[in-house]
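A, B, C and D label the chains in the order they appear, each numbered from 1.
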Amino acid sequence: MGDSTRVKVGIVGASGYGGVQLVRLIADHPHLELVYVGGESSAGKAFSDLYPHMDLATNLTIETVDPETIGDRCDVVFLSLPNGLAWKMTPTLLDKGCKVLDLSADYRFSNLDTYQAWYGGDRTDKEVAATAVYGLPELYRDRIKDAQLVGCPGCYPTASLLALAPLLKQGMIVPESAIIDAKSGTSGGGRKAKVNLLLAEADNSFAAYGVASHRHTPEIEQICSDLAGHEVLVQFTPHLIPMVRGILSTVYANLRDPGLVREDLVTIYTAFYRNCPWVKVLPAGVYPQTKWAMGSNMCYLGVEIDQRTDRAIVMSGIDNLLKGQAGQAIQCLNLMMDWDETLGLPQLGFYP
Amino acid sequence: MGDSTRVKVGIVGASGYGGVQLVRLIADHPHLELVYVGGESSAGKAFSDLYPHMDLATNLTIETVDPETIGDRCDVVFLSLPNGLAWKMTPTLLDKGCKVLDLSADYRFSNLDTYQAWYGGDRTDKEVAATAVYGLPELYRDRIKDAQLVGCPGCYPTASLLALAPLLKQGMIVPESAIIDAKSGTSGGGRKAKVNLLLAEADNSFAAYGVASHRHTPEIEQICSDLAGHEVLVQFTPHLIPMVRGILSTVYANLRDPGLVREDLVTIYTAFYRNCPWVKVLPAGVYPQTKWAMGSNMCYLGVEIDQRTDRAIVMSGIDNLLKGQAGQAIQCLNLMMDWDETLGLPQLGFYP
Amino acid sequence: MGDSTRVKVGIVGASGYGGVQLVRLIADHPHLELVYVGGESSAGKAFSDLYPHMDLATNLTIETVDPETIGDRCDVVFLSLPNGLAWKMTPTLLDKGCKVLDLSADYRFSNLDTYQAWYGGDRTDKEVAATAVYGLPELYRDRIKDAQLVGCPGCYPTASLLALAPLLKQGMIVPESAIIDAKSGTSGGGRKAKVNLLLAEADNSFAAYGVASHRHTPEIEQICSDLAGHEVLVQFTPHLIPMVRGILSTVYANLRDPGLVREDLVTIYTAFYRNCPWVKVLPAGVYPQTKWAMGSNMCYLGVEIDQRTDRAIVMSGIDNLLKGQAGQAIQCLNLMMDWDETLGLPQLGFYP
Amino acid sequence: MGDSTRVKVGIVGASGYGGVQLVRLIADHPHLELVYVGGESSAGKAFSDLYPHMDLATNLTIETVDPETIGDRCDVVFLSLPNGLAWKMTPTLLDKGCKVLDLSADYRFSNLDTYQAWYGGDRTDKEVAATAVYGLPELYRDRIKDAQLVGCPGCYPTASLLALAPLLKQGMIVPESAIIDAKSGTSGGGRKAKVNLLLAEADNSFAAYGVASHRHTPEIEQICSDLAGHEVLVQFTPHLIPMVRGILSTVYANLRDPGLVREDLVTIYTAFYRNCPWVKVLPAGVYPQTKWAMGSNMCYLGVEIDQRTDRAIVMSGIDNLLKGQAGQAIQCLNLMMDWDETLGLPQLGFYP
């Protein structure tokens, strides 16, 4: 039944939101064929038992997770698991010759001590981890092209770093002044039954969480430090928006050069991202609506300067499950396979 | 700049929700090229001034509406206007050789007296109107293939008729017992500023409207009568759901044959729609979530029989802006052009 | 610390949504004093640990559930527990002299066989159950006044029965033609972590559930039969609305007398409920918005007649957690205590 | 019919959201009697034609707006009008001996040049304006007690200033480092039909607006400057949350003293607001949910310190229509009348 010219893909952890996005995207991708979906808690069920509308996408049954057999059957494996599980099976998958894209935090950190300080665990895969590339194509495109193992960024870091990168890279701001006030729809919490994510609790309410302690902080700081050329601490505060999909990061930073106007920022950002098909810099005075990105892999950036305070204010809007997760993973795979970076990915969200 | 092998398409009334869906769908369609977008109130603006995220789909400017010049430039014209405007320009467009797909009520009625009783106006296009075909492909596929002019169904009638058609066509129910309790997201009200559709009013509230008086009633009855072979009155009650997209119609009808069980209905419905790629009959005991259809042209049908009351209960879930409007119009165009009925249309909604 | 002139109240199952409403209502009630909150899973926590905004209402700590000691400390006990638990402790509470108001299904049925057929369990409290009164004051006010034990109605039955009662009581409709298409916000599912009630799943979606099988059906039928004077079966279909609070029931029934107009129904309903401070019959042509009832104990009724089909269509809007649950329980208690029926209950919802 | 012992109250601009809240609050207030509701666009309609659920609150008809006759009939007048209208009628109302509470921006500024720079207009009421008191009771209680004219604060300034005041007053932060990232439900936009506030547009989307240019900025700065003792500029960015009611302000500021921990802030804030019944400082580690404040006049404050960056992060949650508007106006009136500050105002929001 399979199509021998297509690349064979497996998904471990297919039943969550990252998984179901991947199933959808792979079904629409011209060069990929889904051959394996795995997950311990749902093993034995048809994928379409969990998602009845998805029987058009796949008739696969969810299987148990055995890295050896996955490695034998797949060319590419997406790991969409809770933090701390991917690193236990990745070495086997790589040994089998698979390309591995991990959607958890396990391969995002160049310094495993940082990982262990924030996520715990006792990593025994240090050599493998050292080969992982941070999967943010707009910053690390060339390295991703050559990678066998990609640690896909978190949703908040994706939105926040795309907003900050041009300013940091070009030394335009005081790095330690950076404040990231981020807001996410509740699908970022995954498909787990938690009381605080019930519609009855979360709808028509808004709150911060993980203030001064969220685990995406060190991930953002790692890349900011890389961009700035020295260690940078940032302020990062996530909030929960009463909606399903979307992240908006509002980033504040003090300008080194007080003479800039917002049109300068539009020019600078447009130039910085000129070869990036998945970043759209909006015209001066236009700020991103997360809805514009919903169902799309696009990141929309709006830039502003407050001339009274000499601060840059940059807003970044993405679909947390696409550019913030599964879409970006496919974008990375496109690069790893030397395909067009846009292949098989949705550009236009449905609006409204 | 154009692609000479593509069919040239125009949209009149491009700034509303129907229009923006069509722009999106045409951009993703392999055989269509959008060459004209028109609208009086927004004429002179770039389409992407209205929808900044859509500059990837088109760089056209909205033009004034002159049927002569539209007819010269386009092979196909979609009319996405308030009721009562399409019939004034359609004869000219047909004279110019265009295929016309009207999304308003103007060409839905085989009997113009019914139209005028419910919508008013003094129609002078009776000969043209007599050539119009009702654009519900699951019931009128062959006639649509030969049509130059299609009156695309309303959103509620689409959902309701797909739920009722097998029962009526096969004489399984008492037609006058049919009750359609329908619910729609607020995008069905269009992109017009109305107080009752403000988020602050409509969110976290639910109500009926147009009880015993909604103008989709005669449209539903016309097709039900055609299916039943005699005149049928139905009860139709629309409600507003506090959400953006989606319709669920819950249809009740008394069975003529009390011995049926729900598995029989699954069999009957599956057979009735076996050649219909855009209708999915769900397994026994599974009822449609409108979210499954969101962003897709699919109609999901769930069937049930209450053996205590000998009633059939059929639930129909669609995206009101796709299968209920713009998607179905593209589906009709595919048939009119003798293309595959599924061409260029999204099958899988993004979930969640 | 207590106020010796106030009636001492306990709540068993205080941590759920019914419980938290009761705590709020009791805090605002001039004659009640909350002296006990109980619940096994949260025992030992301060109530305000669960609901930090509620420390203004009570500084009680949640205790374990021992009917003997509850009975010693309380004059009145509200039981807000899953079905099947109340009947195990109610006889003890009654023996201790408490008035008991049960918010579960345990004491709603005059025929325990019906209860056991739909809810299971092996009831050993038949004599006690025979003394219970169904707590819908608009229909059973006098019996509630004399009751020691009240089985408070379900949320759907409350909305549905208030819509149907005048028609049934006065023999105006064909009882077996009654169809109740009901819709509820997700708080009706309680404060339990369930995947299908997550905001990411339930928001922007709409679906039916429990079609032809929901356990509120026999409860509705019991009262309809009482009103009609003979056994009545009704069609009842619940749906989930993507919002927090509110139920709308849309009820259809065939009129016996085809000559009626909607103004007649307004007159009949207004007369029927003229002594009912918690039912508001809307003017002809006005249909209830559930939002009008949000935060209030009011039931809003809108009536319509379709003269084409000779059907009555009645819409009933309530706050499922107040008139549909905790508010109605307080209303019953007011009657049991011979206080004004409106005492301590909110009349006006906040809008919007 | 009136109650001669009650204070006679009029509302100009009663049909908007501020107006309908006031009608509700006045109906529940033991010492107030609503005798006049005015508004040009709805004059001649019964108030309950606009809000059918409110006929329990008032049976008044909306009248045209004539300051002379309003002044003759009322002791107290609330002005709930678009900016720029209140100052034209206030002098007449004061001459008639009324107490006036203005909910617009007209009387919020001690320096009318600032008002005119941001709001326009050519104010001719400078002497009257000089007598106005800024109606934030937590900061200006004594002055409000003696005022005849109160300019009630904007919704964002209320939330933001209550978060910042203790830090500024006690010199704990670098004032110019203050960044206010504020988020509001869409009811803040009022009951006006605007496309961007339609549910279909605003639901499931999130965006900033008025970045570096919102008119609440100078209002916040005026009070911050007063607190700091010198002129202060702040960064203020509002966002729209896809929900009806509620504001959360997340405030960042650099600490002067790096040794502080969050428990210190809890202590400091609790002391600062110890005589303020409408401010609740949450325990360390608890951050406000806007839902806790919904339907209540309470402001919930959560405080945090990031010891890595030496920043204070304070979150403030209110109901934008109560503490942020109509509730605070009643709170001010209670003070002006020398009544208890909490009289007639809801403390506990309904949850969920």
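Keep this in mind: a contact is a pair of C-beta atoms (placed from the backbone, for glycine too) under 8 Å apart; a residue touches a chain by one contact, two chains touch by 3 or more.
As the structure is a prediction and not an experimental result, all values here were calculated from the model.
For chain A and chain C, which third chains touch each of them?
Chains touching both chain A and chain C: B, D.
Tally the contacting C-beta pairs at the A-B interface and at the A-D interface, and name the larger one.
A-D
Distance between chain A and chain D based on Cα centroids, please, to the nearest Å.
Averaging C-alpha atoms per chain gives centres 39 Å apart.
Counting only Cα atoms for the centres, state how far chain A is from chain B in Å.
So the centre of chain A lies 36 Å away from the centre of chain B.
Can you list every residue of chain D that touches 2 or more other chains, as numbers and ranges?
17, 185, 187, 191, 200-201, 203-204, 242-245, 289, 294, 352
Which of the residues in chain C end up touching chain A in this complex?
Of all residues in chain C, those touching chain A are 17, 185-187, 189, 191-195, 197-204, 242-244.
Tell me, which parts of chain D touch chain C in their complex?
So the residues of chain D in touch with chain C come to 17, 20-21, 24, 27-28, 51-57, 187, 191, 203-204, 244-245, 280, 282-283, 286, 289, 292-296, 298, 300, 321, 347-352.
Quick check on the complex: what are the chain C residues that touch chain B?
176, 179, 181, 183, 185, 200-201, 203-209, 211-212, 233-235, 237, 239, 241-246, 248, 250, 252, 287-291, 294, 302, 304-309, 311, 313, 315, 317, 352
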